[in-house]
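A, B, C and D label the chains in the order they appear, each numbered from 1.
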Amino acid sequence: MSAESTLAPPKSSWIEVEGGVVRNQLLPGKRHHYAVIELPASFPAPLAGQFAMLGPSPSPSGLLLKRPMSVARAWREADHLYLGFLYTVVGSGTQALARARERWTVLGPLGRGFPLSQGPRILVAGGRGVAPLVLLAEECARRGEAVAFLNGARNAAELIAPEDLGAGAFAEGSVLLETTEDGSRGRQGRVLDALDDPRVRALFAKPGAMFYSCGPHGLLEAVGHAARERKASTSVALEAHMACGTGICRSCVIPRAPGAPVPAEASNTSFLLACLDGPCVPADTVDWKNAP
Amino acid sequence: MSPTPTQTASADLTTRLGPLTLANPIVAASGTFGYGDEFADRIDLSHLGGVVTKTVTLLPRAGNPPHRIVETPAGMLNSIGLENVGLAAFRTKKLPRLAQLPCAVIASLGGETPEELTRLVEALEEESGLQGYEINFSCPNVKAGGARYWANAKLLESTCASLKSRTRRSLWAKLSPNVTDPAEMARAAEAGGADAVTLVNTFVGTAVDLATRSFKLGRPTGGLSGPAIKPLALAQVYEVSGAVQIPVVGMGGIASVDDVLEFLLVGASAVQVGTAHFLTPSAGVRLAERVAQRLSELGFASVHAMVGAIGRPAGGPIAE
Amino acid sequence: MSPTPTQTASADLTTRLGPLTLANPIVAASGTFGYGDEFADRIDLSHLGGVVTKTVTLLPRAGNPPHRIVETPAGMLNSIGLENVGLAAFRTKKLPRLAQLPCAVIASLGGETPEELTRLVEALEEESGLQGYEINFSCPNVKAGGARYWANAKLLESTCASLKSRTRRSLWAKLSPNVTDPAEMARAAEAGGADAVTLVNTFVGTAVDLATRSFKLGRPTGGLSGPAIKPLALAQVYEVSGAVQIPVVGMGGIASVDDVLEFLLVGASAVQVGTAHFLTPSAGVRLAERVAQRLSELGFASVHAMVGAIGRPAGGPIAE
Amino acid sequence: MSAESTLAPPKSSWIEVEGGVVRNQLLPGKRHHYAVIELPASFPAPLAGQFAMLGPSPSPSGLLLKRPMSVARAWREADHLYLGFLYTVVGSGTQALARARERWTVLGPLGRGFPLSQGPRILVAGGRGVAPLVLLAEECARRGEAVAFLNGARNAAELIAPEDLGAGAFAEGSVLLETTEDGSRGRQGRVLDALDDPRVRALFAKPGAMFYSCGPHGLLEAVGHAARERKASTSVALEAHMACGTGICRSCVIPRAPGAPVPAEASNTSFLLACLDGPCVPADTVDWKNAP
């Protein structure tokens, strides 16, 4: 399968707006924050897997760049678009977001989202990587399409379920499997251990199965292996240090897998650009050994 | 306290840089606005004085391994490694689009040697759609001196002379700030025939990760840009603009319209906006829209009137 | 994510700087902690590795006119102008008190010429109570080259040699960061017999006031310090510590214990804390109190083990 | 009179503590803020004219230095010392203070306060310079000693009266005169015009009259002139750009008046140090032409 066939078309109709912070608080497990931002209706509806560059408004004086976050939820209500972001405070940028309870600046939607395949869909979330998969699951539910949702985290406190963000129920026939490394919630083990669940295994009997994943790069690599064994395709959401999110700074590079097909219009034959070529790319296009 | 406006008419923004005249003094800086055409359908570039392209080298360059950026207090380090599509693709794929832009287009050129730069200029002289060249004299020479290769007044002068003899277009020399005497370098560029000097490029810096005991960037060091360096950039522009007759294009940490005017005040004839584009791609355009009014508020009838309007005490500029 | 402590025992803080051994690697930087004795009754200086005095010159200096400081993004500019009481008052009024301090005392000395420095060292050799001298090689020579007078490897080497021959005490050369090649300057100091090099001093910068069209400082330029310069300082310490065998005393923007360890990681054998003292006079002492625990957390048994523990890739240190 | 006789003894028993922000809001005229900070009882009681270095806690990442502010009010209650600060937002530091509504770091008390004379006291406030004079007036009131309080500002919005900060009534026999440049409150004119008020003029008939003033340096210079004409002494509160407030940075210099006596122990014969020699100094010790 060529690298291109599973790439959603680039959708680069971003705009930059200020939005009111409707909600911005620590979730019960006290590890992750969830924020809901109210945007003008003119903001383009994001695809699952797309992201936005976020910053507090006004920006505190020492903070320079916005931070990339996947859209975890999106809905229209009255004359507004509401976006939900699930994030973890790991440094100064996310700290500043957590403190900004009035207005955020939002630049988006950005990047290529998850392509919608026709066969069975296996969603694999690692920790806060659940964010874009919640939006994908909601989109599938809206279409009445079942998914397998493998949701793993280190422990119960780290694990975020779609309903924790207020997401609706999955379509009938969906399978939700939770895993924690310490067994404090769901099955004990690593998230891909759930692939041996009979209901999940049954999916690979059908044609066109596809993995969707977001989480640590180690997980994304493992998803690539699992897919290859099962002859399934993949779309995994990359993370990279981003300055701009719009393709002009060239900072968000991820090395291409040696030998992976390089599209003719690629701007760089050695690296993928996470913000333009991704964040959602087939796992086998990435050189995981040299990825950051 | 903001002073009362002394005039309501809008100030004249015409910006003369030797042979080249720009509609206003705001130019997008190399490497911070793509090749210049990326947002042409979304942002009205006619509001800009001009754009400088990403630095182009003879051959394509893949650039440095990740991470390529890290944020620091009020600044950012980058280690992009001069990633670019190379001369051939620049001519065929980028130039046709750049030629359509409604503002001046300056090609940034990088070479490891004077000969590489000569070949770049000779090739681009065959093309239309460019108003000038900005030579990125921070391009490291891997075999000889690394990033310090160009920190050599004689080499700068002879290189500028050789390039100037090959072009009818404007020639800007973009200087590295990591030198003992920026004015000496600027005088050398002037002596070689450069039409303007551009400064500052980024300052050499690094950031480290204690947990992994390694550098945060893919390479040990990178270049610092953003508001953190504005005081350093202003000092270099002040000193250099007092040392040469050719115009100075100033930059370093510009984020507000007042930052723009501060550079004019200390002697820049035009400015470039870099890192601010990463926060918002329309940063340069937004600043350009506000310059005229702010100039008027401060009592200046034109950009030209503000250039170097700060008092210059006798004695050397560098006191401490 | 903070790594799990690998040991509970406190790390060994002993800091060897050539002939001199400090109790820990934290030293108060020149000009940012008075002469060193001002707070001796209020802050327990035995927690510090040492203090460097305000730079002392042969004659008293009144210093520059106000304003002498201005804050910038994550930094500050100063233009103090080497205000100090001069050698005579330093000997009679300051030294007796400094000699009582429960930590090492290093006298910072500034001169416009090698001869002035020689006279300072000769005079202070007659006194007790000092463990060493730190030569402030950013002291401007008003008649010859201003602040760039000392950016001259030959002059640095011969001056260090001349001073070294006149003292049994430790000799530290404090280098200006405003040079093309800091490693060249450090090698010159080493060749001249310096026991350590100290860097960085402040970076030349300025700030201007649009409303009054003037500089915000009493002089056109000043020196930038604080967190804004930390990335630049780390890069210079990294490069210099790879270029010389003598220890490097690193500084520039240190505000947290992790900042201290970052300097050690890139190759500093000890650090100095400057601007942070203005936020809180006990800054240095507070950092010193936390170093041992943080070292242990990160898996280092001693300060010594951390010095230069970062990987050094082949090739030059300055990539961009 | 020697420069020294009117200097309060240096009181350098500062400590640095964090305090809770009890109140921090724009005053009705919408030009100035007033903040009350609750400190541990161990914080030394400040003298009128002393100041503190203030910063938000935690400090926003781009902000470096604390900012000097005169103590405008001080009282003990339960087990706490409360300090009131009147300030104007003019730049990033004061902006950050206005935004910090939970905790401030306070380093103080610092500098030399106003010396208490025996004769009549004429307090002259220019704009927000009223701050330390409120504390002085309260101290006088507590001792039952009358003062003349000349309070001037550009207009009514700029003018802050002691009662706006909750200060108590003056001692009997006190004179309170308000002046605004545009006449929008009190008498129209400049604050020193009020010196021609008969009740104020009467004060100079008595021995030992002393001016206390704080405000723009132009006002302090004028107070010096007025005092010389009336053979009164002065103590005026200087302002300077300060990095440390404790004497170690040498940034807060104000040129000494040519020929003014220089104390033997002075650390600098050309400049006064606002934070150690001041902020309260006799007006005739300053070279106003070259003061910033």
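Observations on the structure shown:
Methods note: a contact is a pair of C-beta atoms (placed from the backbone, for glycine too) under 8 Å apart; a residue touches a chain by one contact, two chains touch by 3 or more.
Fair warning: this is a prediction, and the values are worked out from it, not measured in the lab.
Common neighbours of chain B and chain C under the contact definition above: A, D. Chains that count as touching both chain A and chain D, per the definition above, are B, C. Farthest from chain B, judged by the mean position of CA atoms in each chain, is D.
In this assembly, the C-alpha centroid of chain A lies 36 Å from the C-alpha centroid of chain B.
Note on chain placement: the centre of chain A and the centre of chain C lie 47 Å apart, centres being C-alpha means. Each of the following residues of chain C touches two or more other chains: 73-75, 78, 80, 227.
Shown for chain A are the residues that touch two or more other chains, namely 61-63, 92.
Contact topology of the protein chains: fully connected, every pair of chains touching. Note for the complex: chain A touches chain D at residues 60-63, 92, 96. Chain B contributes residues 1-3, 64, 72-75, 77-81, 138, 140, 146-148, 151, 178-181, 202-208, 210-211, 213-215, 219-224, 227-232, 234-236, 238-239, 253, 258, 261-262, 265-266, 298, 309-313, 316-320 to its touches with chain C in the complex. Across the complex, chain B meets chain A through its residues 31-34, 38-39, 54, 60, 62-63, 65-71, 73-76, 78, 80, 83, 85, 218, 226-227, 275, 277-282. Put simply, chain A touches chain B in their complex at residues 16, 55, 59, 61-66, 92-93, 105, 107, 240-244, 246-255, 267-271, 290-292.
Taken in their complex, chain D has these residues touching chain B: 61-62.
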